[in-house]
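What follows is a pair of complexes built around chain A, which joins chain B in one and chain C in the other.
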Partner chain A sequence: MRNNKYAVSFRIGFQSSLEYRFNFFLSLISAVFPMIVHYYIWTAVYASAGEQQVFGYTYHEMIMYTILAAVISKLVLTHMEYAIAEDIKSGGLNKYIIQPITYFGFRISSYLGQRLIHFATSLIIILVLTFALNNSFNLHTSKERILVFCLSLILSIILSFLISYSICAFAFWLSEISYFFVVTSLLIQIMSGGMFPLEIFGEKLQLLFRFLPFHYLIYFPVNLLNGRIDGPMVWQGLAGQAIWILLLLVICRLVWKQGMKRYLGLGG
Partner chain B sequence: MPVGNAVEVCQLVKEFEYYKKDIGMRQSLKNLFFRKKLVKKAVNAVSFAIEEGEMVGFLGPNGAGKTTTLKMLSGILHPTSGSANVFGYTPWERKKPFKQLFSIVMGQKSQLWPDLPAGESIYLNKCIYQVPDEEYRRTLDELSGLLEVRKLLGVQVRRLSLGERMKMELIASLIHRPRLMYLDEPTIGLDMMSQRAVRNFLKYYNEQYRATVILTSHYMKDIEDLCSRVILINAGTILYDGELKRIGTRHEERKLIKLFFSEEISPELLLAFGDVKESDGNYAVVEVGKDEVRLCLQQFLDKFPVVDFNIEDLQIEDGIARLYSGSV
Partner chain C sequence: MNVVIELRRHLYLLVLFAKNSLLSQMEYRFNFVAGIFVETAFLMAKLLYVSVVYQTNVHVDGMTPDTILMFMGTHILLTGLYMGLFYNNFLRITEYVRTGMLDLMMVKPVSLQFLVSFRYIETGMPLPNIVAGSVMVAIGWKASEIPFTLFNLGAFLIFLALATILTYCVMIIPALLSFWFVNTSAASEISYSIWDANNMPYMIYNKWIQRIGTFIIPVFIITNYAPLLVLNRLRGIHLLWGILAPLIFFILIRLLWKQALKAYSSSNL
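Showing the complex of A and B:
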């Protein structure tokens, strides 16, 4: 096991991430600012609305949502599109074509390795925040809920990787791709509920979002933790995540196969 | 496939499609709506065979099709047509046993992780190629000793000099003891001492392990030192395939006469005798046929105030340049 190529890729990814620990802490600090902005916006919205609930969320639930969503989006969204597109554009893929290792396997193991500290720290922050918010808002989050949340978070991370990986395949066809990724990552951030709860977008759009995989990334785990998703909905959601993971595995395979054909000069 | 051939290439063709774009604003706008598709033959019906244990130099100007050929031979590119056989495998099928027996080193592309010590990247390669522990230790010890970088294995790659990094690249790509190596400009940008160390190492490795090597380089010294045979390629076609020495002998019929005069002589006066290669007032180089050397020299001495002269062979580079220009 210690000598498995993917285990070593994981370890090497982990080691190289230690080089960028300062960068990582800066990114955590940068997550604080949107939280503060959101806090003031929602406080103002609730004060002027004069109602108990806005979009079906109480004030406390909304604050908890936006804070948790900010941390979870840091944890789940991959931002590895540029690295993979660079490999495609500059021939970095060659190395994996000629060596007996698959690019997908290498990428996912080194990605998980690189983000290990990130995951662990974010998880601690989420748990501390949940505990703190529970105390100050007099809410109660049960232990089972936290366990289910952790499970869904793992699925979110895998799902998010697969979504990014399929989007990266566009680099096989588009020669100038950086703005494309700016657009897609913004769209994903919005559609996943990383900025606001999806209820804001109204019934029709929300229905559309339900048929897309993105809400499983952030909206679903956050609402698991704050208790808005309950009972059979929990298992339904987890099943939804699993189904999308399987579907995206197929999609990844298909688009990358086509892309590789083009890369290798097979036409297409 | 006859016994002993490591690489056999037959009528290999690679075409690339590209779009023509003329200069100017109007043309750029036109290109937004209408692009003319053109086809370029990067490699055009190339055939050759390389014996196991041979070290062959692949020569050609930039854009001649060297790297494209190497990419096809390593399975990175699919050819448009033609066939290749490398130790019994078709490279672009990318079978696992095929991957195990070769490696490619590109001087301009690093395969090492810049943030980690080179030893880590080498260890990753060990695991990728599933080299047994004992063999890995022996190989690493031997190669790092030969290249004198044993102490640097624990240093971050981005803190290494270019020469040291190149040596690490070589170790990383040889850790699974490939029988075939493609080296694409392995000495590019290196200082003289590093170039020499890399050359000596490649020579040793080729002799010691009978590894087959295909080498491209723009440094003639690399080729002269390492390869007895060269394949010269330009504009996608092979111009010459044979002994390096014979590129020279083809032109052994030609000699260079270097003349030093006591006063300025205009080059026009020398044209009647042969090709004036260089002329700078008191100094001139004239290329003449071997048989004419005696006659020309006598006339030079008679007609011009010659202070000193030299008769020299043409450089290999001259022979190569002649072949290139003859092909275009």
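Showing the complex of A and C:
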């Protein structure tokens, strides 16, 4: 019985994603343009460099990275900060305080429900793209690698939720929040490797990024699939994702607990 | 004579709109500063491309990274002009149509298209892009050893102005679609990603993409033709097209606008 309300939240999320399926489809189309730009930029770079590897990537690895990162960033980056901040600002949390459902439980169930159809669609697109790239580049992505990739993608979807959820807590302290979210989501996209592989930032910054959770969102799953992350690094990475999920659960709990002390319950 | 009077009247109104917008932005100073801050963050993201170009020392069609920087600078400069002049206005057109606010604007004694296109002019937000873009163009200009003559500067500025007209024509399309469709956010998203895709010299693309981006959806003209002109690489049909395209597309947008108004249902909420 206890789980039932979260199952309902999950279903609501799932239904809402079906309602706006066309929007998701169009947002995938908008991901095509950066893909094309990056494809041509890197093709020009490799043509004029005359070297086998640029930033440690072969041409094929780089093209695969570029194309897959664009699809995965559409799937993984949540953009749900505005909805939660709105709940905090305009008293939308009131009803969750008095109802026998935790806000965190409601949000994560509904988020996972929403992502289900996106996850399935993106996965099909990714697999088709991988198959096509394998064919044209004469590469071979093993079944095990695809399975591990799926696992890491699920973990990055959860991780992404937790990162957004903890960032949302800033809405308890800041009065004007929408600008803040524009900047944070841009930074997250850059630090997660959604725009360029992290190698372009040089060694020092890259080292810093390794201590942050963001590279597990896009950089890690993509490099898992294109074969750059191999052997024990695969399990280390998955463990890293799991550890960050646990850590962020604690962080979410702490910051929201502090934040709720400042909650005013305006409007509602 | 009539044309001159009308032109002066519209310019006067434009200055009034800018003044009015600045006054209202000063009322909310935090938002003004935050807007600059956000645009600076986006600028940093764009500068990542510059970093990649220089780190890899890529050459496009015989052009060095310094010359490529000129194209990227022009893109950033025009992004600033777009954000300052049009972005906020185009965003509101959808709102006017959906809420029926256009009714009131229609009765004002000024061209409706002019009013909705220029009513809100941003002064803070475009600053980082305009400054950074100009600096990049200047660095690229000097490094490419283009003679700094009055003729070159004038030609570059004229082509920037033509690019601004084309920017208007291309980026208003999603907003005009809102006369027919309620939700055009996806169309806007696509137009933004096409805009962002235009930050490199168009010679990196294959022939067909070049042709489509030049003659059908003329985004490549916006960023490429001004630098190409001063590099002495814009000749023949392209030079002619660079001058004619803004005029042709402006007329087409004017016709589309008239069609759009016919579809306006004045659905007041």
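Keep in mind that, in the parts below, the second predicted complex is superposed on the first by the 260 of 268 C-alpha atoms of A that agree within 3 Å, B and C clash if a C-alpha of one lies under 4 Å from a C-alpha of the other, contacts with A are read in each partner's own complex, and residues count from 1 in each chain.
Rule of thumb we're sticking to: contacts are C-beta pairs under 8 Å (C-beta built on N, C-alpha and C of every residue); 3 or more make two chains touch, one makes a residue touch a chain.
Note that the structure is predicted; figures quoted are calculated from it, not measured.
Of the two partner chains, neither chain B nor chain C is touched by A:Gly227.
In the superposition on chain A, A:Val182 makes contact with chain C only, not with chain B. When both complexes are overlaid on chain A, the residue A:Asn4 reaches chain B alone and has no touch with chain C.
More residues of chain A lie in contact with C than with the other chain of the pair chain B and chain C.
Contacts of A:Pro34 after superposition: chain C is touched, whereas chain B is not reached.
Contact with chain B, but none with chain C, is seen for A:Ile101 once the two complexes are overlaid on the shared chain. Chain A has no residue lying at the interface with chain B in one structure and with chain C in the other. The part of chain A that touches chain B in the complex is made up of residues 3-5, 7-9, 12, 15-16, 19-20, 91-92, 94-95, 97-101, 264-266. On the side of chain C, the complex with chain A involves touching residues 30-31, 34-35, 37-38, 41-42, 45, 48-49, 51-52, 55-60, 183, 185-187, 189-190, 192-194, 196-197, 199-200, 204-206, 209.
For chain A in complex with chain C, the touching residues are 22-23, 26-27, 29-31, 33-34, 36-37, 40-41, 43-45, 48-49, 54-55, 176, 179, 182-183, 186-187, 189-190, 195-196, 200. Of all residues in chain B, only 14, 16, 71, 74-80, 92, 94, 96, 99-100, 102-104, 109, 111, 113, 115-116, 120-121, 123-125, 127-130, 133 touch chain A in the complex they form.
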